[in-house]
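Common to both upcoming complexes is chain A, partnered first by chain B, then by chain C.
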Partner chain A sequence: MKMNRREALRSLGALTASVTVAPYLGANEVKGFPQGTVLDEEFVPTPSHTGGLQVLNNDAHRRTLAAVFDRFIPADELGPSATQAGCIEFLDAQLAGPWGEGATMYRDTPLQPHAEELTQLPQFIATPRERYETGLEALNKWVSDNEDAEFADLAPERQDEILTGMEQGDIDLGQGVHTKAFFEMMLLSVREGYFSDPIYGGNRDMAGWKMIGFPGARYDYRLYADRTGEKLDLIPVSLIPQD
Partner chain B sequence: MASKRPKADVVIVGLGWSGALMAEELTRAGLNVVAIDRGAWQDTSTHTPPAVNPDELRWSSRKELLSPPKDNTMTFRNRLDQVAVPQRDYGILELGKGVGGAGFHWAGMAWRFNPWDFEVRTRTIERYGIERAEDGELQLQDWGVTYDELEPFYDRFERIAGISGTAGNINGEIKPGGNPYEGPRTREYPTPELKTLRMMEIFNDATRKMGHTPFTIPAANLSEPWVNPLGVAMGACSYCGFCLAYGCGNYSKSSPQACIFPALMRRPNFSVITEGCVIRVNKAEDGQTVTGVTYIDKGGREVEQPADIVCLTAFMVDNTRIMLNSEISEPYNPNTQEGVVGRNFSFQTISGAHMWFEDEQINPFVGAGALGSQIDDYNGDNFDHSDLDFIGGAGILTLSRDGLPIARAESLPEGTPRWGSDFKKAYAKYYQNYGILFNQGSSMPTRTGYLDLDPNYKDKFGVPLLRLTYDYAQNDRNMAAYTMDRAVEIAEQMGASHITPFNFAAEPFTTAKIASDHVIGGVPMGADPATSAVNPWLQSWDAHNLFVVGASAFPNNAGYNPTGTVGALAIRTARAIHERYVQNPGPLVES
Partner chain C sequence: MSNRKRTAIALGVGAAVVVAGAFVWAWPTFDISRSDVADDETRLADFTSQDEDAIARGEYVMRLGDCMACHEENFGGGYTVSTPFGGIVASNISPDIDSGIGNMTERDFFNALRHGRGSKGLLYPAMPYTEYTKLTDRDMHDLWAYMSTIEPVDNAIDEIADLGFPYNIRLAMAGWNVLFFDNEGFDEHPDQDEQWNRGRYIVNGPGHCATCHTSRNFLGGPKDGEYLSGGGLDIWFAPDITSNPHTGIGSTSTQELVEYLKTGANSTSFATGPMAEAIEHSTQYFTDDDLEAVASYLKATAPSSNVRHEPMTLNNEGPKSGALAYEVNCSACHGVAGEGMANIVPAFEGNNALLADDPTNLIHVMLMGGRAAHTQARPTGAGMPSFAWKMNDEEIATVLDHVRNSWGNGAAPVSVERVAELRSQLAARDKLATPQDEAHTD
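And now, the complex of A and B:
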């Protein structure tokens, strides 16, 4: 039976073009079940850098960014502020890594002028690292043109007015910066820093998770799944030891 | 000059669900099979064990298991007169990055399509008249295969994957607890349905009061351990909730890795070439067959893999692009409606309602990717459309999953500040009080919804990107608006204090907003070679030793997730190849 099938296929195979080329054995051919049991290097999480800032080295930029972050997530009875929870260190590590480099983006030109209209979301060729650089530069320039003090030294109420203006499209920072998109990027970064695993430098003491009651990197809720509607008060755990 | 590998009986392009299921069938039948996958090898213990898996930033936010747009994207436009633009960041394309494809990171909703979905054109004409099937915009066509013909292969897929659920219809007998609208199945699911969590309880109570029939969504997150027909053992789901965009550390989410590779990889007549990107199928001089495929290997070299049979089993965008690049069949022309490759792109038409409660304890971190309740009372043709301005419908479902804190921070009642102390207060409360009604709606093909090669943008190998031209059909817009209103009624019955309806089809279609990632069509199947690229056995009409398998073959999309149907079609085609085609290579049906 098997032979018949193979024979039939061979007759079909005679149609193959008979160009002579070098035989090739691919280096990436996997034959047999791979026997390795070691965790693949690329899949081990990369902890945040602990040797000082790598990207956010411009003091004027970082000072503004820290003030913005702490208006997004201020310190209050529900927990620490964004910077107290490590969101600057978190973002710095992210900007230094593949995300900051736009490593996954399709960046071929041209960027069509009607791209945003079509996709209904802003489109960029610039990397997140470049967008933070130009965005913070433009925000500082806008503040120096319109205010009597640096952003970080303005009253919280005025800081909130400026941020609301950026969020709602009432303030255009100019300098080629897509202001609303820059605002959204900063807001998403602060949420990522406040609510991601502490291994990445933010969410110190799992403060973000404790605020909402998220138990973190747990992997088995079978003991709790039947207790529907009950407050479970589970102590969160992280990918890295906390004690 | 291209290098050339030894000839295989069968080459499989893309080792996801389709490729793995076919390779399993074909190697068991004694054929020598080589699979080529664009991704690297990945598996449970060596890549996504529990020690690295529960990490929202890495897998949900950065999407590290997905093929990046840098390597794989497309351009898109709504209308023929627009210049298409590339999707530069992650959007609706959620292709797998490694071996296993999207089958490695999928959530696990494991549906069968409804019998109606395979015969939309015929049944619409029968019940409502031809003017409803031919409204000047829709381009309906039957699949050339019926639900009943596909049933044994759905069954086989469910056994291999160990699907958890409760049958609603066994051999025509309606069973309590299941979906009463499903097509008749021959037996119960392999494993029982998953647990009913809090949001599902609220939904089930409310919809029952309204006279609907809620049921638990069939899941590839297994409620119990299972040993499948290949002898592969799976574990029970631990309700960790890290499924969609994640691997599974428990061997409890069905995937090629968890269900097939342990058997397949041990067979001496199988091997897989990883990190090889197939760019074309090579045509034979006879004009009726193909000789194999050409791929670009990890080092950037062109390599030829000759084979007697070629099976394209990649994601639908890749199947379509390879077909267009290979110039095997006529590309679709939206102006004349002639040509077959690229036609019948469809999506999924999504509406629904966000809901917030005041004193619930949802515990949204307990969950599973496919865990939820659904009603099918407004899906497919389960309700009378005589007085409605559309055909089709949506499964209205609620989910017990997605309690991940970065993404969930955006799910606050309308008018809540998105930042500041008031944001923190609101989030601390509503994290435990949010739910969704998600209408997973059907999507009907249109004359101008199609795929071709982009004239302006290329990929890293210099191959043109795929270009999508698509917007929602008016039919589907009407359907989404109608089912959105039904969702709001359910949300009110559930006792939500805040309800925000949503309808993606109220705006033009875009690849950037992830309404769904269920894209289908491009190499549609059918009984008529004038309107289909592959016959009902997924065999190319123009090259009889070429089979194009996957959601690329769907002529229209149903109000369900596609994977179950992808699996059933793949097994059916593989059986046809080793039971019929190899004995007598040629067209399996007359054109």
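And now, the complex of A and C:
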């Protein structure tokens, strides 16, 4: 059927009319959208486990790790140390969960030759949980081979030298441990633990947020959006404020 | 004649006088003669009205009466009305012979709606025959015509299965009726204008507003002197709708009331819960004239005795303050000064529905979230999220005290115990436990 332009315009007009007028003439009611608004359990955040350590149960490992963390963020006039702020508990919960299992990592063999050159990143088949286990074991072994005391009992200056050596590639822990990457993983973990929402075990009393002036899990900043260059001193807010 | 016999006769006569007196006193409660105007021959199942005008008018009466609220959209019943005495299930009022009202004649129908006499015995006042008794003969005839056009639904219902002894004795309602049922038809007040009379008819008759909005005594009867002053519905609260300017609708314009009943919202308030259902099924279908009549009648009611509260002294500083909780959780939608967003989010400033002494509605939506009425005019049905996972009972009470006592509002403190009670009653989840709770109990 051929339709001339006038007919086409007329039918378009009729269509528009039916769309705009119909709602007032008893068009179908919208139905079937959910009446409940209670948050689905799937979307409720999962605060970290509160029943004690699950992964970092090796005292010698944990003692070394705590000492490393507290060299990264020592207690000073700006705030508490990493362990005081709960970074061990934070990392333990992460290691116990999907991150510790490497749930989002590609870990299937074969590891491609030259993959690290291609991606400019070290690639691991081991999970973060395994890497912490082997890394701390190797660090303790290196210290017992080279020092007269455990890592945690060394002078802070000596601890810093060892950590700097690991970071710069001057110290190789051996035993198949990628020393530089292990150092970087510990540094990343301590940052995450110090600044993540307190419901995940670290950043206790929001110490990390108070230190840098981060206002936390607020919804809306329109009140402050125009106040640039001003010290706002907003009270930081956790996703689940403490009782 | 022995003295003993004489005494017995005297007692017997005395008893007879008392019974007769009680009968005369109670007679109006049981007098159903005004419904003799209805036909008592033809069963609903055997009748289909051909009077299109009467059917259309009858459908409108059904909307005014909000039958669907309880009897469901197909009139097959099944909705449970919870009462302090147990749940009462709405009956099947479709023309089905076995499970519905197909065997009723028009007279039976009149007797049920206007006098509380059902086919299984006396009705419970969960069915608002206490208000429907005001329905005019004409509206009843029209409604009957409409009911004859309904498809029968096969759905057998045991209305009182959930009621325990003694509440499951239907005859006991005779006593209730003597106490609380005013079995009288609608009488126009000639000294008032037509609009006021029409409003009064809808509010007190088919609209049965007082069923929820008047508080009830321990027997479930309306409390004297509290007409439309607000009534508790267990997990909801039907607010004051008298002309009280503080807790009622006295400072709301007729136009705003009409808009609310027509669309489910106005610039300040949104309907949710049972009122959303009433608007969706009933008031959105009212003609503008009828809505205006309802609004002007309500505005002309005597104000309730609810008083205005001086604002509480609030702690507006620090991490535990209601002010911070409000800013962080509420202000993005409800506005930094409680101004809301017109047609999307309720305002708190100048919103009298917030200020009732009974804060049940506010606690309810904090715990369970809420969904606005969705009507033809406002089909969105905007949602308020639940905060049960994020706030404990005390934090909810604190933030509600803040909205009830800021921006010119003033209301009684919200009790933490009431929040706890509703959290349990609504089976709302607890606030999430976090590692911080433990760190601080160490």
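Quick notes on this one:
The definition used in the following text is that the second predicted complex is superposed on the first by the 202 of 243 C-alpha atoms of A that agree within 3 Å, B and C clash if a C-alpha of one lies under 4 Å from a C-alpha of the other, contacts with A are read in each partner's own complex, and residues count from 1 in each chain.
The working rule: contacts are C-beta pairs under 8 Å (C-beta built on N, C-alpha and C of every residue); 3 or more make two chains touch, one makes a residue touch a chain.
A quick note: this is a predicted structure, and the numbers were derived from the prediction, not measured.
By the touch criterion defined above, A:P74 lies against chain B but remains apart from chain C after alignment on the C-alpha atoms of chain A. In the superposed pair of complexes, A:A155 makes contact with neither chain B nor chain C. Residue contacts after overlaying the shared chain place A:W99 against chain B, while chain C stays out of touching range.
In the overlay built on the shared chain, the residue A:I240 is in contact with chain C alone; chain B does not reach it.
Chain A is touched at more residues by one of its partners, and among chain B and chain C that partner is B. By the touch criterion defined above, A:R218 lies against chain B and chain C together after alignment on the C-alpha atoms of chain A.
Using the contact criterion defined above for the overlaid structures, shared-chain residue A:Q35 touches chain C, although it does not reach chain B. Contacts of A:R204 after superposition on the shared chain: chain C is touched, whereas chain B is not. Legend: residue contacts after superposition of the two complexes on their common chain; A:G229 is shown touching chain B, with no touch to chain C.
In the superposition on chain A, A:T50 makes contact with chain C only, while chain B stays out of contact range. Judged by the document's definition of touching, chain A residues 23-24, 26-27, 29-30, 33, 36-39, 44-45, 200, 217-220, 222, 239 lie at the interface with chain B and also at the interface with chain C.
The touching residues of chain A, counted against chain B in their complex, run 1-2, 4-6, 8-13, 15-17, 21-34, 36-40, 43-45, 71-74, 76, 78-79, 99, 103-108, 112, 114-115, 118-121, 123-125, 160, 163, 167, 187, 190-192, 195-197, 200, 208-209, 211-222, 224-226, 228-232, 239.
Across the interface of their complex, chain A is touched by residues 318-319, 324-325, 327-329, 331-332, 336, 368-371, 374, 376, 379, 381, 383-386, 388-392, 394-395, 428-429, 431-440 of chain C. The touching residues of chain A, counted against chain C in their complex, run 23-24, 26-27, 29-30, 33, 35-39, 44-45, 47-50, 86, 89, 93, 198-201, 204-205, 217-220, 222-223, 235, 237-243. Those residues of chain B that touch chain A in the complex are listed here as 1-7, 9, 29-31, 41-43, 45-58, 61-63, 68-70, 73, 76-78, 82-91, 195-198, 201, 236, 238-242, 249-250, 261-262, 265-266, 270-276, 282, 284-286, 289, 291-292, 297-299, 303-304, 306, 308-309, 360-361, 363, 365-366, 403-406, 408-409, 418-421, 423-425, 427-428, 431-432, 457-458, 507-508, 510-513, 545, 578, 582-585.
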